[in-house]
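Two complexes are shown next, each including subunit A; its partner changes from subunit B in the first to subunit C in the second.
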Partner chain A sequence: MSKTPYAELLSMLSRHRGVVGSFVVSERDGLAVDSNVQIGVHAEAVAALAASLHRKARLACGAAGCGVVTFLRLDAEKGGICAAGRDDLVLVTISEARANIGLLRVEMMRAAKALT
Partner chain B sequence: MPDEIRRLSDDLARDPSSLVFMPLADALRRAGQLDVALRVALRGLDRHPYLPDAHDVLARIHADRGDLERASDEWEMALRLDPSHAHANLGLGFVEFRRGDLESAERRLSTVPPADHTPGVAAALAHVRSALGARTTNGVAVMVPEPQVVAPTPVAPAETTPHSTVSVPEFPSPDPSRTKQLFDSALDASDQHALLVDGDGLVLAGAYIDGSGKDVGEVIAAELAGVSSEAERAMRHLGLGAWTSLLVEADEAIVAMTPAPNGSLLVVTASRKTPVGLVRLLLDRVLARARDWLVRVS
Partner chain C sequence: MKFINDSRVRIAVLLESSGRVLAQHGFTRSIDVMSACALAAAIHASAAEIGRQLDGTPFTTLHHPGHERQIFLGELSTGRGAHILLTVFDDATSIGLVRLYFAELSRRLAVATTTPAAPPSFVDFESDLNRNLAKLFGRI
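Moving on to the complex of A and B:
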């Protein structure tokens, strides 16, 4: 994937402990705009699924009158996915269980504000 | 007692983040000021949601208020945080006893290691066994015995709970008008809601009342249809194991979801002022209720 304005941001997120990949993905079509992932991560498939989850969460929150989604976290037995969106773009990270989610959350929410 | 409450209140006022809220809430409970005790305990748990002793204190307050379901939820939470919590085992044994489930009470109290035995555990066990013996002998329903024997030390929740016969209908039947309230007693505030949604996006139980007082549970359930399968697929692609929870933070609320039995999805929402960690604990508590209910209606 060629270098985009998000390369620096994704590189910074991928340096966090336990983070094995990060993407900027379009929520509308689930296509990755840019990514920084370790070998073996199914970047395209995960980007599409993360975008779809973000979309569902956004629609459900809209229906419930909860306002705009600022952060999403999917936990699993051995790690998880975090997502923070702005307009159509969603910043996604994949992390192992040893990641510091609190720190990652703060960085992602800050970074998402700069997505354009 | 008033001196003790005054002293503990002063201590808490000096340092609101201290753990003195626990003895203060318990002292208020013993003094019969249950509403104040409840407020103090809940406020303390906002700051310290992972303290098993704090859940134990809250459980006793609920028990004194006659709300055995909530008391049971809190003692279960204490046990999840500390599986060897003797007072929580004692409390749950007490609830089981009050519900007439003497066998479960006996089994639970027997599992408390002798090293953790407070005087209350030994006495409670003796009392339960005696009641079991009486039931076997007479073949009739047993009246609740002197409750302070069974309730947790240092102060038994039943000291102020009234005596009653052993028959407590635990959960609502599948009657639609009651299933909407299934989770009410497991939630802490009016701005918290819980919904149990099946794999097709249909509401099984619970409700979500929006700001205008309208139940929008069905709309939310429909929007969330397929979340379980997508979460599962994402985790399979990543090899991270089964998904355990999905937490969504929005401007006005926090929404937490977790897979529930029979392919269903449990959704809990709380206002934005609720600490994120507390929402996860709330999700665990509501999930326990959902599991029980699904077993009963399946």
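Moving on to the complex of A and C:
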């Protein structure tokens, strides 16, 4: 199977300390376009739910007059989910608590600009 | 109801592969339900046959995105045979979410129907047939 144009980008994000999975997801469909995840991560479920979350955040920011969502971060007990979108595509990462979110955010924002 | 609340589909119909309705949500007229079930059963049978011819195994799910509304048709394997779930949804949800909750529903239904249904009794069939014929010709 040939690599998608996002394979290199996802591989780069997944190499970050504490990152257990990264995806490019279609926000409208909630389907993963490409993913790079560790064994045990339920990629389809996370992709669908993260896309839905990003869509709701975009609508909420639009309604509140905040403009376009650039970065979304969800912290949880054992880790978190980050998302950065561009048009219909959303870049999503799942990370453990030990991940360096600041560095990951910079990389994701940069990578999101390359999404087409 | 859990599937409908979670997936946020507008219409959901659970039917047997023959087209017989088992449960529905979203339709207001029974004639619409019957038409939808007949069409869904036919689409499912056609898709399954195309799958058999192309791939050797029947296709079990079908997604058709329209301009505003989309349909998702999926087969649920249960202890009482294959059922079909027809859903209609709009941009309140996505095909990814519908597929996710469909898989969950499929798992729950498989667990809930581990005991196969009792085969139809010929005695019941005959008495039902006689009663329906009597109704039809006005004897009841």
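Just so it is clear, the second predicted complex is superposed on the first by the 114 of 116 C-alpha atoms of A that agree within 3 Å, B and C clash if a C-alpha of one lies under 4 Å from a C-alpha of the other, contacts with A are read in each partner's own complex, and residues count from 1 in each chain.
By definition in this document, a residue touches a chain if its C-beta (ideal position, glycine included) is under 8 Å from a C-beta of that chain, and two chains touch if they have at least 3 such contacts.
Nothing here was measured: the structure is a model prediction, and the numbers come from that model.
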Joint occupancy of subunit A by subunit B and subunit C, clash or fit: fit
First (subunit B), second (subunit C), both or neither touched by A:72: first
From subunit A, separation angle of subunit B and subunit C (C-alpha centres, steps of 10 degrees): 110
Contacts of A:64 with subunit B and subunit C, given as first, second, both or neither: first
Which superposed partner A:8 touches (first subunit B, second subunit C, both, neither): neither
Which superposed partner A:87 touches (first subunit B, second subunit C, both, neither): neither
First (subunit B), second (subunit C), both or neither touched by A:52: both
Per-residue touch tally on subunit A - higher for subunit B or for subunit C: B
Which superposed partner A:28 touches (first subunit B, second subunit C, both, neither): second
Closest approach of subunit C to subunit B (Cα atoms, Å): 9
Set intersection of subunit A contacts, subunit C complex versus subunit B complex: 45, 49, 52
Complex contact set, residues of subunit B against subunit A: 208, 210-211, 216, 219-220, 223-224, 226-227, 230-231, 233-235, 237-253, 255, 269
Interface residues, subunit A side, partner subunit B - complex: 41-42, 45-46, 49-50, 52-53, 56-57, 59-61, 63-81, 94, 96
In the complex, subunit A residues that touch subunit C: 25-26, 28-32, 44-45, 47-49, 51-52, 55
Contacting residues of subunit C [partner subunit A, same complex]: 91, 93-97, 99-100
